[in-house]
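Supplied in structure tokens, the structure appears directly below.
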Amino acid sequence: MKKDRLKIVTIGGGSSYTPELIEGYIKRKDELPIKEIWLVDIEEGKEKLEIVGNLAKRMVENAGLDWEIHLTLDRREALKDADFVSTQFRVGLLDARIKDERIPLSHGLIGQETNGAGGMFKAFRTVPVILDIVKDMKELCPDAWLVNFTNPSGMITEAVLKYGNFEKVVGLCNVPINHIMHESKLIEKNPDDLFFHFAGLNHHHWHKVYDKEGNDLTELVIEKMFNSNEPIVKNIRYIPFFKEQIRDLGMLPCSYHQYYYLQDDMLKKELEEYAKNETRAEKVKKVEAELFELYKDPNLKEKPAQLSQRGGTYYSDAACELISSIYNDKRSTMVVSTRNNGALADLPYDCAVEVSSIITASGPKPINFGKLPTAARGLVQVMKAMEELTIEAAVTGNYGTALQAFILNPLVPGGQIARTVLNEMLVAHKKHLPQFAEAIEKIEKGELK
Amino acid sequence: MKKDRLKIVTIGGGSSYTPELIEGYIKRKDELPIKEIWLVDIEEGKEKLEIVGNLAKRMVENAGLDWEIHLTLDRREALKDADFVSTQFRVGLLDARIKDERIPLSHGLIGQETNGAGGMFKAFRTVPVILDIVKDMKELCPDAWLVNFTNPSGMITEAVLKYGNFEKVVGLCNVPINHIMHESKLIEKNPDDLFFHFAGLNHHHWHKVYDKEGNDLTELVIEKMFNSNEPIVKNIRYIPFFKEQIRDLGMLPCSYHQYYYLQDDMLKKELEEYAKNETRAEKVKKVEAELFELYKDPNLKEKPAQLSQRGGTYYSDAACELISSIYNDKRSTMVVSTRNNGALADLPYDCAVEVSSIITASGPKPINFGKLPTAARGLVQVMKAMEELTIEAAVTGNYGTALQAFILNPLVPGGQIARTVLNEMLVAHKKHLPQFAEAIEKIEKGELK
Amino acid sequence: MKKDRLKIVTIGGGSSYTPELIEGYIKRKDELPIKEIWLVDIEEGKEKLEIVGNLAKRMVENAGLDWEIHLTLDRREALKDADFVSTQFRVGLLDARIKDERIPLSHGLIGQETNGAGGMFKAFRTVPVILDIVKDMKELCPDAWLVNFTNPSGMITEAVLKYGNFEKVVGLCNVPINHIMHESKLIEKNPDDLFFHFAGLNHHHWHKVYDKEGNDLTELVIEKMFNSNEPIVKNIRYIPFFKEQIRDLGMLPCSYHQYYYLQDDMLKKELEEYAKNETRAEKVKKVEAELFELYKDPNLKEKPAQLSQRGGTYYSDAACELISSIYNDKRSTMVVSTRNNGALADLPYDCAVEVSSIITASGPKPINFGKLPTAARGLVQVMKAMEELTIEAAVTGNYGTALQAFILNPLVPGGQIARTVLNEMLVAHKKHLPQFAEAIEKIEKGELK
Amino acid sequence: MKKDRLKIVTIGGGSSYTPELIEGYIKRKDELPIKEIWLVDIEEGKEKLEIVGNLAKRMVENAGLDWEIHLTLDRREALKDADFVSTQFRVGLLDARIKDERIPLSHGLIGQETNGAGGMFKAFRTVPVILDIVKDMKELCPDAWLVNFTNPSGMITEAVLKYGNFEKVVGLCNVPINHIMHESKLIEKNPDDLFFHFAGLNHHHWHKVYDKEGNDLTELVIEKMFNSNEPIVKNIRYIPFFKEQIRDLGMLPCSYHQYYYLQDDMLKKELEEYAKNETRAEKVKKVEAELFELYKDPNLKEKPAQLSQRGGTYYSDAACELISSIYNDKRSTMVVSTRNNGALADLPYDCAVEVSSIITASGPKPINFGKLPTAARGLVQVMKAMEELTIEAAVTGNYGTALQAFILNPLVPGGQIARTVLNEMLVAHKKHLPQFAEAIEKIEKGELK
């Protein structure tokens, strides 16, 4: 029997994104019979949880809804009998992200908090925690869906599938929806009148665009893209791609491909920001501080407009839509991280991919994409191998595996520099990397250089 | 620009199914801006074309529509600038089907007009004709969609894709929709509240069933199936499957699996019918004669109820729905024969498979199914190899290839019997098998035994 | 360090083949520093073990060798510290094989003791025993190689790899070497001057032939084969293949393909033999009785010529050569059953295949064969699925799985007949099928028909 | 019939390597019944051809052989009825290689003449020429084998297979044999007592080592490697790999992996050499000049010892051994570039791979390797995609494809720098890149930046 009163849990409930999530639920109040929303955080996030949790309460009340909003540090109490669990936590908070970005840059490398050296460390810190959450879920709410939007979203999804042995997980990201909105506007079409076919990995996917008449508009969008100067996703700086490259590829890259296709130019921009203490992480920290000031205002009863600057536009909205699509068996098309099962013929059968999928009550069903063009194939294959090694290292704490993952990453050149950055980051994040304790000790003693 | 006045062509327009097709279009009059319907047939079918064509005109007029109905023997005129071309022709008419069924039975083998010896000969006769049609389409209406429901629908689709090098083709069959309707009723659910995931080949697929709460109902449907005695598809006799086998398989077989899973028992039934001159082909011939008598009645202005006995329930309806789904970019889920592209990991990447697909304006996008259970995998793989060889032999007229295809078919035992049946059928269908002229001559001269 | 005194164990040491095995070792006395040969059998085979064991002792003595020949019923004592273990046992002895052949024939089906219904039952009886042997080996001689020539050799090898998790296993069969000898003679060449490339499954493989100048002689051998009337392998009756089929296939089938390619004709021959109580199993039983009479003669000190009639020509010789090739790291090419690892692209990565391999000290390294022609691909795929299900049923005793395997087998038609034969055989072999106890009880009570 | 008088052709006969090749033939005089050796070169290489050709004549005469040595600029005359054709030419001579190395270094990138930017340009220059040679061979000596050791050897082999549609090609490289010799010495074993299993791409492979007792010695060799300071291949500078990385990988990398695993450190070394005008190309040019001085000496009748400094140790020897292995159907194991056919499950079925193969009269038969460890898989997949795009660009002259290949290469960072280097190299090599004429013109006009 379909549940008619839902318990929804958000781990990392003290996040500045939470108001958007609450707004998303309020928008879907007729689709989702919510009874309770539990916002969970840890001791260090208690204050933020209070602030944002109280705003959430005001928003719900203001919408005339009788939903219970629970704020708690007790994750297990929250998970008990939950129907949906969304995760948006950040181990080590923004200070950890600052290290993820600044340490590599201090050695002349892009940090990139999702699939560069920074993202790999985010995985190292997050994988053990998500596996712990999954362990609790299997005990306390084995039928619940886990909707993850903690980055690196694809690797976290794969860790849950492979090492958590938990099938009811979906990874989410707002990059695809940003592309859909942006490119529809570029060609002056309603997004509902277009079919976007995405395939690849989280922050590393490509797509094709078709219209209602069955025409492949991909080339047209490519041309329009080169006549526009607007960034697709607000939170990453924008450098135009190379026309000849993208035309030859025949697919639209995602905005994060800038870090690969334009690596050297992006590095230069980031080094300037680094010098001015204006890396993305530092900016975000500032924006967040301002947001929390706003959130404190007892008169604020709606999501403040400033939140959209934070960069996660459509993020929480996508999460709410996914939850509603599963709950209501909508069978609409969304782009999610899920098990491959052959949807992308070029990648391992059982890895996680980010691909256009039909969302049903029994989860996402990937729409088959088949083989990628050669240049996309090679890149996505090396990225997937890097992801697999990163997840493995995150689980085992094996230094050699971490080093292999580092050197395989196209944003990290091989050689002593890779070890130096790896070592410095291991020590800097020591507190959140218990699995690497042995290696860190050796580094600190100078035995591992 | 989307066409706002459609030209739809039906090849084999004189078929007894045509009234259902017309009814299907009439039902969708608000979705499909039809201007002209062209019913095409050959000289031998002229009389039937007149009869059914006039009924079609009366039906359209009765519905108050201004659509033009054209009856013609000139296929090229009809194809000129067509938007959709559906094919439902039968080379050699029902007399050929009678041979397809009776010759094998006369040697103690199941004929099976879709994937037994009979179906292989239907492919031998049909493939050259469909390739000829495709050649015309490439010249006269290169942007039109070819919606094939001439059997063997999967092999014809593969022939068009591989040898016709024409991508805009979809194969259709009413077996999946019959399963959907029948099984929904069995478990007392609305079909719209269920998700049926089909995978396999035409007349050789399996499926799983999920409800709106995400539960896998496959086992439940299997149990209900064994408590019911009703045939799923009207036009094939019904013998219950084996519970232990189907439970162990964990998927629902299609009704045509009876010929494989219950081969010996089906053969006995068919031999009884053969002895009484009541093979399916003979029955159909009788039903058709009666139908055409009915069709002649100038007062008949709607599809007569008796047509449903013919066996093609939902057949034409499925075709109309597919056309409307493509035209309107409905993105609904339908089960169609289309290029694999990895949707079924166990089958060649570029073969045709029959699989649940999202129907978009740019054609069907298969929903990924992944790997099949072992027993289904082995069977579908040998069937696909048989299909590939059958299509190849249909194109080349190579006797050795035809013999290989025959012996590979699980319904045809290896040995002299296979040659004997093959030879007798080649000679019997001589008129429609110009590609096999050389082999047939040798058989007739007694040089090939 | 390479062992310089070898302990070789033969399980099923009382087999009539043992003298050939001993002869094989004697021939290789300079290659293999044998210290002890242990012939192991079970209580029921004690008498035969004595007879053949004493002959073995006389043969060794006659050759002037100091090898110790141990005869024992204590398998564990024999396995302790063994270097090579060969298995040639037959659970249920020849009486079980007689049932394997006669029960299917009594219902009009080919029994086929290797991959028909008979062979499947041989697997049902043998798999639990081989897994028990492997369990002992892992404890008592974990570094020994297991050289299996108990049939069905391919399935036994796969069971050891997949369910025994034991890597040091090689499956052997004398069919490839018989083809090599026979076909070399056909084209009047020295076998050493030809390269035979085999690929497929045990008793279900094909091959191509090349000469020292690099010419592909496959077609030539095919033509010669059709001008010859001689059987390739002595122990199976011979019916010529169809020229058109084999030419179109472009590879040489193995002799066991007769059961598939000429199923109906083989069945007729077998039914005649059945009627005269002259099935292969019955003949072998007679030959064996005669052989053991010969073996008793205390003056017999060499392998008697009559043994070659038994049918296993080259069988034991192949085993000795394999052992020597591994021991001496010969890197010669032999055809063995081993893990696929991609050598045959059309079959699962980790299944067992029979394929030309380089024999090294670290085991067989398959020579890559790639993709098979379509007709071979489909047939080998359905056979492999049947094998996988047979092995699974042999391990689990699941009736549904056994039924699936039966119906998938091209030699067993689907339908009630499959159940009837399955049930009758389960009951007939009850003593050796403890894993199927539950199903057998139901059959005996009439609850499973 | 096997030819008993061989005609062997070497294209690029004026190479400084030729004396080694001649020596290799002389060593195998009893295995190879050579009648004629044709050394072919182009107008620009005429002088060198004369010098080295005369030395070759003296060497043959000195060995007491009656072989005819022909020196010619007429390639077609040489190819007529040839039995083996080896290719060792260098389009643009060493000056082109100097550009291949220096231009990237001038922008801070490694050039790497085999699979870096330099090697890609070598492919751009060489592919059209090899395809031209293959066209001639198909006409003039269709049964001859093409033994290529022009770099990038793997890409050239793939171009011949895919675009030349010529199957009788083998690519050779001396890196594997250098590893075999070096590592055997490291562990104090005779190379014949070891089995080296190689898999990957040219200059991008890994291997495992087994001894005659079947032990996997890979770990042992890894440990020994880290206790040694000697370079494996003389012509590339040596930096030790990282122990933790290689141990975790579990395979031995080839010496060229230094460019990837130690990219940053190698770059630093190369920049120092660049500054001193001592890049490898410049050094080689000097060594070659000295060699040709030596070669001129009419008293020199043997390969001079100084040639070994040139770096191609074992290179020509490998070619002679391959020719003898094919001619004599030796079935020995060699590491060659050949069509994959599934030997490496992680790479496209029909690409060229470099893998341990059995050399037969009908060509190399790869020994199956199966799946690579994750880190090797990802790297080899991106390299193969880069190779495919490079070859495609070499054939089509498409700038976008060349740019895609460049950016995909792990040694070339994405961004404007990739374009800048690509453009500068296109212009610098203009004379040898007719296929890129259009793009080069635009670059020169400043229209493509």
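Going by the order they are written in, the chains are A, B, C and D; count residues from 1 in each one.
By definition in this document, a residue touches a chain if its C-beta (ideal position, glycine included) is under 8 Å from a C-beta of that chain, and two chains touch if they have at least 3 such contacts.
Quick caveat: nothing in here was measured; it's all calculated off a predicted structure.
Both subunit A and subunit D are touched by no common chain.
A separation of 44 Å divides the Cα centre of subunit B from that of subunit C.
Spacing of subunit B relative to subunit D, judged by their CA centroids, is 55 angstrom.
Shared interface positions of subunit C, i.e. residues touching 2 or more other chains, are not present.
The touch graph of the protein chains shown is a ring with every node of degree two. In this structure, the chains touch in the following pairs: A-B, A-D, B-C, C-D.
Across the complex, subunit D is touched by residues 1-2, 193, 195, 197, 210-216, 326, 328-329, 331, 333, 341-345, 349, 358, 360-363, 365-371 of subunit C. The part of subunit C that touches subunit B in the complex is made up of residues 242, 244-245, 247-249, 260-267, 374-375, 377-379, 381-386, 388-389, 392, 398-401, 403-405, 407-408, 410, 413-419, 448.
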